[in-house]
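Structures given as structure tokens follow.
You will see two complexes here that share subunit A, one where it goes with subunit B and one where it goes with subunit C.
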Partner chain A sequence: MSQSTLAGAAAGTTVGSSTRRQRWEGWPSFLVLLPSLIVTAIFVYGFIAVTFWISLSNWRTLKPDTTVREPFGQTYLDLFAQPRFQADLRNTLIFTVLFIGISVLVGLGLAILIDYNRKMFAIPFFRNVYLFPYALSFVVTGVAWRWIFNPETGVNLFFDIFGINQLLASVGQAPLKPGWTTDPTVAFSVNGILEQFIPGAESLRIQFGLPVALIPVAIAAMWQLSGFVMAMYLGGMTTVSDEIREAARIDGAGEWQVYRRVIIPLLKPVTISVIIILLHVSLKIFDLVITMSGVGPGFATDMPAIFVFETTFKATRYNLGMAAAIVMLLLAASVIVPYLASSLRKSEE
Partner chain B sequence: MTAIHHEATPPGKRWSIGHTLTIIVLIVAMIFYLTPVFVMVNNGLKDAQNVSLSTMWNLPENFSGGGFVEAWNRLRSNMGNSLQMVIPATVLSALIGAVNGYVLSKFKFRGSDLLFTLMLFGFFIPYQAILLPMVQFLQTLNRVTGIQFYGTLLGLVLVHVVYGIPITTLIFRNFYANIPTELLEAARVDGANMWTIFTRIMLPLSIPAFVVVGIFQFTNIWNDFIFGVTIVQNPDAQPVTIALNNLSGSFSVDWNVVMAGAVVAALPTALIYIFLSRYFIRGLLAGSVKG
Partner chain C sequence: MLKKTLVVAVVLTLAIGLGLFAVKAQSGDLEVFSWWTSGGEAAALQALFDAYAADYPDVNIVNATVAGGGGSAARPVLQTRLAGGDPPDSWQIHPGWELFGQYVDPGYVEPINFLYEEEGWNDVVPQGLRDIMTVDGNIYMVLVGVHRGNGFWYNKPLLEENGITIGDTLSAEEFTAAAETLQAAGIAPLCMGDNGIWANAQLFENTLLGTVGPENYMKLFAGEMAWDDPMVISAIESFGAMQDYLNTDHTSLSWDQAVKALMDGQCAFNSMGDWAYGEFVAAGKVDNVDFGWVSHPGTAGSFMIVADGFPLAAGAPNRDAAVGWLRTLGGLPAQEAFNPLKGSIPARTDADRSKFGVYHNWSMDSFAADALVPSWVHGSAAPAAFQQTLNDAVTLFIVDRDAAAFAAALVQGAVDAGIAG
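Moving on to the complex of A and B:
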């Protein structure tokens, strides 16, 4: 209430405004916001509308053509029939699961270990090291990890250094030499199962499974963002009071049980925020993949963001690129809109 | 009563096997997190003759500056471009965010929360969904105004300010929400209006928020790739992240130069992190946990 009184005072109306409640007192605030609102209307909503229009248009070459393509929405059918885009959607799904899974596990694990040892003098140093990659750009991360996962060098040298390959050779096995991002294998292919249970799955023109080339990319992304997850959880843990921990201990809970049964359940809102932020990162992952592996063998590490970029700005198939961009936007919106709507409801209460 | 006996040593008060084991895990994790940093610095320090893939884990044989001299020569102008883009974009988006956040926290009106949410959506969209219209818009600006937006750092500053507004507004809004409204009412009784309350009372209190927003925006804009690569085609005018990617993909460049270049490109945000880590952590939490 005090806020609306303030707004009324700023608008120059008398404080006893009950007699003219009809009059809108928010206009000075609205005027201040207006430039940002106009800019948002153009640069976000206007541009999205243009993107959507182009995705429905005939614009397939350098020469702009904004007439609506017949039959309506044909570009989207073309898009989903493309093996490359099918691979992109598969990769997004698999990458998201891998990346979020390991990032949350590692981030939460580190947060628990740091919280458990929080009175140790070196703990701030550990924490800062884990968070450090978050300050770097995905391009730097990609450049460094590209060499670490190079099949000729990097981690593979450790298999020689630690004698694993010699051991394998002594029992007549081939040396361990994973191709990492250059490996075209799609493991655990489930096409047969899909075709049995989902009508239309025959039109899937790719192997649906786990492209192993995505594993190193997910590890690099985890390296960059798990420290952030840790920081979010540590921020949440400071709100769990010592009394709550002590009460759980008096009830006979061991240290691990205090975390598992008391602290982790209390951190559920943090987990939700973390997952939403990581989803938002993984759905639009672009620069890391470009620098680390590119589209990969058989599009094993291709992503919708790269598809849009190359189809639009390199191949100049504008309608197809924009259709893929709209699919990306819908994927992101399906996560973000419920989140924003629930925060809006909370702030209006 | 037996449980009490166990509780006599809460964690941290006495050393235990649990602490020893967990510290070992933390040290192993630290090695993992430092490995890419080691690879970049170690191989960046090697000479062109001594850098080879098979010896990437070996230390350099002599200290002569390695690839750093050439990396710096190749990336210097792009580092300058990045600075010229990041500083104005950070300052402008912070100022706009402060004004917006002030109004949205202290002078709410019916529908202001909804308008703010509609603005915030712009922070979360994949930029692919606006990229082509944005390029066309900037090209039109070039023609209409005669000022070069598309293809220049000016255009990059513009888009970074525009797409930065939602997050700077969010951080300032959450910051100002914690400043007691009574303070503003007292000032109003003394005859201050909305604008003087902002400049005389709120702005001096906002230094911590400006530090947080400044770090957050500096890091985000410095690390951007997609806007830089679509808006600026001329390699001499590109920000350093794009130049580093070009360097890394070029076959004519030695590997030590690429590694040194990665260190050089990472340095500004890394230094900010090292010296301001307290604010950095506050910034990323403020930018991600919605109030």
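Moving on to the complex of A and C:
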């Protein structure tokens, strides 16, 4: 969907920025674009409209019922009153911050290491090794990391193998055995603060904070996408000419400062693109989470996409599921629309 | 070269497409849709096909299966086909709300009262079963087998080592006493694998039945008793107390891994439907030696129905073959061949008991004498929306143990699902 939207926006730019005469000359290209415009209008915007309509309707069994529900918009109130959906919004925010933060840091770090050592003979090998996880399906990643973070058989065995647990036992401490994705703890809860500012917040059933079960999920997602981030940065770094690097060095910059003060600031557009691309992965994430941890204890790892799927196809509450889908769309749009608007403005300048 | 490959690809695609149409157009077919693809299930389905082939040798059976646990992948395919007016002749279905809400209401199935009259099934299929297949006097499906959902399995040697003996029934108080003894000995009293949450929801369902009894259980789903009734709150509190008895890794295990943990002696009891029996048998364990069973504490005298059956599609492409299929399914030979493989008991009271083992004879006694109640977790007692309400409420409750919020969620869910009084 996002690709076709981008294509549509790009097409709009060309038409909008041309003079009347150029527009007349552009009519064959308009004809060529017409089929895809029609298809996009029906299958993207038409279906968004249908989804929105259903979210306002009475359709809550398998039998379609498209009459408008009274009072108007009640389904949205029901949705936000559900502790599960509140947890989903919390999880989306926390997961997005964790996942994008560590993906960008790790991806940038790998790119710098490879760029710095780019004359070394084994570099193409490493570049491919880091990029390889990106070629996998999220389902494969989810299953593999589910085993890795299994409390009984996964990374926890290292605490035994390396003697950490024996050490703890010798000083009378319980062995180290994190529950990873099965841990329902929510750290840094801000419910106390919310209660002071929002009336009625004390009746919230969900703890708003950092669900620790999301950390392993973010690590798995990072593992898959940091190679992609690295490739984006490497692409950007090749455009920074050796003259600029040399100039920085002559001005007395050390190798670290060349990256810190020159290259990374020059790559700001790359960073923005990377964040936008990762954001839409993070907002729509489904397959990785459902295979790795499911909804988690107390919905510690539940995501809006899982909510939409279960509510619509398992509980057959179509109106509620579609309302959640519309909220997801608005979340994604709140990020993509400003980005498109700003890039549109830039291309017109 | 590339051109050649393209031509081959196009030809192949066309051939496959035409081939599908050819299969559909051929007369004398019967298409049966199910998600019975695992070892024992597939063998049981094949037994039904064999029985059908013996009765109707000229019909070609098209076995349309879509793999995936609990039909997670199959149901969307089935829904799409039904909504698109391309139904299979018959498909796997649970009685109760799954039948009513998903298939009777939208008009995807047709009544088969005539079959029950012609075959005399009204005399051999218990009233409690016929009730959960009937709307407005019309009966819509044939059951092939019945599982008992309120089983309580235990590791017999492990209990003996800890000085615990289990009689013919187990009360909630006796269970609590045994659990305290086991916990003091460092053994997790209750085995649980609630990955996907339904196994823990089932523990609640059984505890609810044990606390309120079968009559009130039916009243709750009929809207004649409130979901925040003190008895329901008491069931929620017992359920909460049981959460302290679980193995610590329960959220990362599936139900069958929990049964395995029971066999390995890592935990003692497991509240589970009798599909667990198949796991014991497959592991070479012996009835009443390695493992034993009673009804879930407080549920002796009740039989939680988790049943499988098939309907007749409205507008079935091969209606005569489909009617014959249902005629075969309701008969004794098919049910006696199917159930030992599936691990359930026949959905009629006149089966030959010598064809079944010790456990299933015990289950048949219960089936003939006890109150039959439909399962909530398995989609029979309530609409799918209320089933989801339970799963969501349990997911939250096992973390925050808020009994009042649990009951409030059920009250709201019953209103949303349209089953409140």
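Basically, the second predicted complex is superposed on the first by the 312 of 349 C-alpha atoms of A that agree within 3 Å, B and C clash if a C-alpha of one lies under 4 Å from a C-alpha of the other, contacts with A are read in each partner's own complex, and residues count from 1 in each chain.
Assume a contact is a pair of C-beta atoms (placed from the backbone, for glycine too) under 8 Å apart; a residue touches a chain by one contact, two chains touch by 3 or more.
Given the structure is predicted, the values throughout are model-derived calculations rather than measurements.
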{"item": "Partner chain in contact with A:Ala332 - subunit B first, subunit C second, else both or neither", "value": "first"}
{"item": "Partner with the higher number of touched subunit A residues, subunit C or subunit B", "value": "B"}
{"item": "Subunit B versus subunit C as contact partner of A:Ala315, first or second or both or neither", "value": "second"}
{"item": "Which of subunit B and subunit C A:Pro178 touches, first, second, both or neither", "value": "neither"}
{"item": "Touched partner set for A:Thr291, first subunit B, second subunit C, both or neither", "value": "first"}
{"item": "Which of subunit B and subunit C A:Gly209 touches, first, second, both or neither", "value": "neither"}
{"item": "Which of subunit B and subunit C A:Asn150 touches, first, second, both or neither", "value": "both"}
{"item": "Which of subunit B and subunit C A:Phe132 touches, first, second, both or neither", "value": "first"}
{"item": "Overlap of the subunit B and subunit C footprints on subunit A, listed as residue numbers", "value": "150, 152, 313"}
{"item": "Complex interface listing, subunit C residues touching subunit A", "value": "75-76, 79, 101-102, 105-106, 195-197, 249, 251-252, 383-385, 387-389, 392, 395-396, 398-400, 402, 405, 416"}
{"item": "Contacting residues of subunit A [partner subunit B, same complex]", "value": "2-7, 9-10, 24-26, 28-30, 32-33, 35-37, 39-40, 42-48, 50-51, 54, 106, 110, 113-114, 116-120, 126, 128-148, 150, 152-154, 157, 161, 223, 227-228, 231-232, 235, 246, 249-252, 254-255, 270, 273, 277, 280, 283-284, 286-287, 290-291, 304-305, 308-309, 312-313, 318, 321-322, 324-326, 328-329, 332-333, 336-337, 339-341, 343-344, 347-348"}
{"item": "Subunit A contact footprint on subunit B (complex, rising order)", "value": "3-4, 6-7, 10-13, 18-19, 22-23, 25-26, 29-30, 32-37, 39-40, 43, 53-54, 56-57, 96, 99-100, 103-104, 106-115, 117-122, 124-134, 136-137, 159, 162-163, 165-166, 169, 181-182, 184-185, 188, 193-194, 219, 222-226, 230, 241-242, 244-245, 248, 255, 258-259, 261-262, 265-266, 269-270, 272-274, 277, 280-281, 284-285, 288-291"}
{"item": "Interfacial residue positions of subunit A with respect to subunit C in the complex", "value": "60-63, 78, 82-84, 150-152, 179, 181-182, 184, 205, 294-300, 310-311, 313-317"}
